[in-house]
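Structure below; questions to follow.
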């Protein structure tokens, strides 16, 4: 019984964030994540790594051990162990510790690429932060509601960049950097999203005319995803999630007292 | 009668997508389009084409034959044959097969440019995908409703870039890349749409001052098409302008049959 | 009386566009403007001007004579002659013909810069098109209503770019292109508006950190003018321009039957 | 008593802007700020400073003395002196005069960097302008209301750029400019905000594929802050959520006293 209560208390501390102990645990984990990600980032800068490389290794192991403890405590306290292990957060938690352990096993001289990869995989610890973002429900709902429309929009963008990229490949040719259709499509994406690196840019007047048209189209296109999500966010203002208890219809006005469908009292 | 029923079934399989057979046909065509477009794209990459060129030729012919079958079956099963042939989709379907056949006829050594063009025309097969995009009606309606406003907006943008381009041609001159008015207008489009390649950029302080002003104007202008389409999408939202005949309340759901406020029949 | 009626008819043809004759006149003028602007643009391209320069001179004079006729007919038929002459359109109409005539008077060998300037001024003929844009009233009204807010927004942007530009001048120094504060402010404008030419770009890690922050701020800032104009366009949906006949209050709901201020019947 | 009244009058002139004298004072200060900022800016341009450096020094001292007078008069006339001194405006006012005085004290030959820094700090005088911006309340309120959502959005952007930057560091390597993870994250920010300098750009096909995906994601992401602030601005629009107690109609104007539908008192 005492064990159960201890397990339950551990579970609450780890999975919730209401009491001071629960909040302190969350903040500790967030700080560990930020330190860990910073270490991976700074470790990739040669001049910093040369001086502090040995410190980074120690910090790395301390954090890995702490994250390992966290991982197994989560498994221990969770009722539905398998569900957690194979959930998004469970996989992220495992990926946060695995690379460090794997780096001991695989330490042959001819495995440098794999070690480099493992070291980098630790950056995915940043995804552990997702758990602590209080994702605004309205926002998530708006994005989810406009999923279909955004998909249609993305399909349209992909068709446009495929055709414009191919046309520019034909018009400009390899001199201006349009060496293949995939590369020309890459240019079209860079242009239509208004990023515009300038590493590939049309040189001929005809190419510049087409590019100019593509830009103005992209300019008008940029309006569409904005409008879609925007209108969804605004829509979620006037209606409630309440269902009519009589007929089950949804999307009632937030001040509604009677169902618009069956006339019953809500 | 049996023939009619067979023709009718073929027609349904090709033109609709409700039954499993109809859906399977659609998915098959979509996969063929994607393979075909990928082949054209990869074929333009020299190092890939060197190794797999002969495979691409075979895949190309198989797909062309299948698309030819599809094209003639569509003509055969469609009642209004001419209407289909000269419709957007009919022309796209024809353009998807024609270049491959033409490439046999025109195979002289001095026709390389034409062959290159024909090979590229096959990329337009991507337009066959348009048929399978379930274009959101709300979106299409919103774009259509804001047509006039977007036209006004485009006219304004074109006048602005013409004047700014000409001014920069005068201020900067050929040293900075502003070699002619059309090229300077191209620069103005690149700038006002915030693409900013950097291949042509003002060098003189006066030119940079004007460019800075154009950018901030462009910054404000970008708001306009967004707002236009956005407001149209919101207008077509789920409420109607009808008022309740009993209590006069507004903002009823578009499918509402009873007032949400007093419960009276609308 | 007949003269008056002829003058009146001329006036209608020139200033309105309802009857076929009136529409034909408008279309003729629009075509002349487009030809004229194209000639100025093509004349600035050296290789085209070398071949067609003499044709351009003739076209130029024909169009100038036609625009001169149009200008004097407008003055002749307009009742309030001075008001027209000093109106936006009157000045544009004069500027459309003046440079060509001035170019004969000023033709000394040492006046090449002035002639070049005069030639370019003809591009302002494009502004004659403004008359024929059926500017959407809702749009114009929305922009006018949000004037104050956009001004506040521009002031905020100017303060941000001044401070960020000065900071980057201090951090980066002349090696990376930040040779003076005005030039650094130019860089800040290029960055915050997401144009990003890349001719001036931070090289030091600290500079890149600040630039990254400026970009994300700019990213959030871009939302503001969009939202301001958008909300104005949407606002103009639910309210009417009607004033209450009893108390003169405005902004009534479009379905309003009673004044919200004094309760009187609208 | 007379002294009090004089102090009170001074206070009104400095802190308000209703009477002509109060407005004149504000305009004088704004002009002084603009002159001062222009002098700092022009002084950083070598060729201008060479000719006008001695004029700039005089203007600088005149303005500093005037701002010093303003600062002490503000302290003198303000009741809550300490509150003003440690307020945002108080600190800005002090920072506007301090650097000039400090530059006399620290004038050793080996203090050039400090002097350069002090000279630049004067640019912060531009922040004195904030006092005179009539910040639109609706706008400020909308930004404040959407604070949490924008924070969530920024967290999401930071996680995306961290992961994409690290991936690109792995894929591209130092040849294309991705020399470290922080630098690769800088590239990701430059890309996702659509700035696109082009100083660091993917060179390998795989890198370009990932970059293209990041751009399209960024394209969709740009919609989110726009929509958030936009929907907040629209929410604060001219109508209230109050319903008419007599007929139940909604969307009343925020200053409404009578129902627009039935004419009853709200």
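Per-chain numbering from 1; labels A, B, C and D assigned in written order.
Rule of thumb we're sticking to: a contact is a pair of C-beta atoms (placed from the backbone, for glycine too) under 8 Å apart; a residue touches a chain by one contact, two chains touch by 3 or more.
If you're wondering where the values come from, they're calculated on a predicted model, not measured in any experiment.
Centroid distances from chain D, each centroid being the mean of CA atoms, peak for B.
At the interface between chain A and chain D, under half of the residue numbers involved are used by both copies, so each side presents largely different positions. Inter-chain spacing, taken between the CA centroids of chain A and chain C, is 41 Å. Between chain C and chain D, the centres computed from C-alpha atoms are 28 Å apart. Contacts with at least two other chains are made by residues 182, 185, 194-198, 222, 226-228, 230, 234, 243, 250-251, 261-262 of chain D.
Put simply, chain B touches chain A in their complex at residues 37, 40-42, 44-46, 116-117, 120, 123-124, 126-127, 129-130, 133-136, 138-139, 142-143, 150, 154, 157, 182-183, 185-186, 189-190, 193-199, 222, 225-230, 232-234, 237-239, 251-253, 255-266. On the chain A side of its complex with chain B, the touching residues are 148-149, 152-153, 155-156, 159, 162-163, 166, 169-170, 179-182, 185, 191, 194-198, 201, 205, 208-209, 211-212, 215-216, 218-220, 222-224, 226-228, 230-231, 234-235, 238-239, 251-253, 255-266.
Of all the residues in chain D, the ones that touch chain B in their complex are 194-198, 226, 230, 243-244, 247-251, 261-262.
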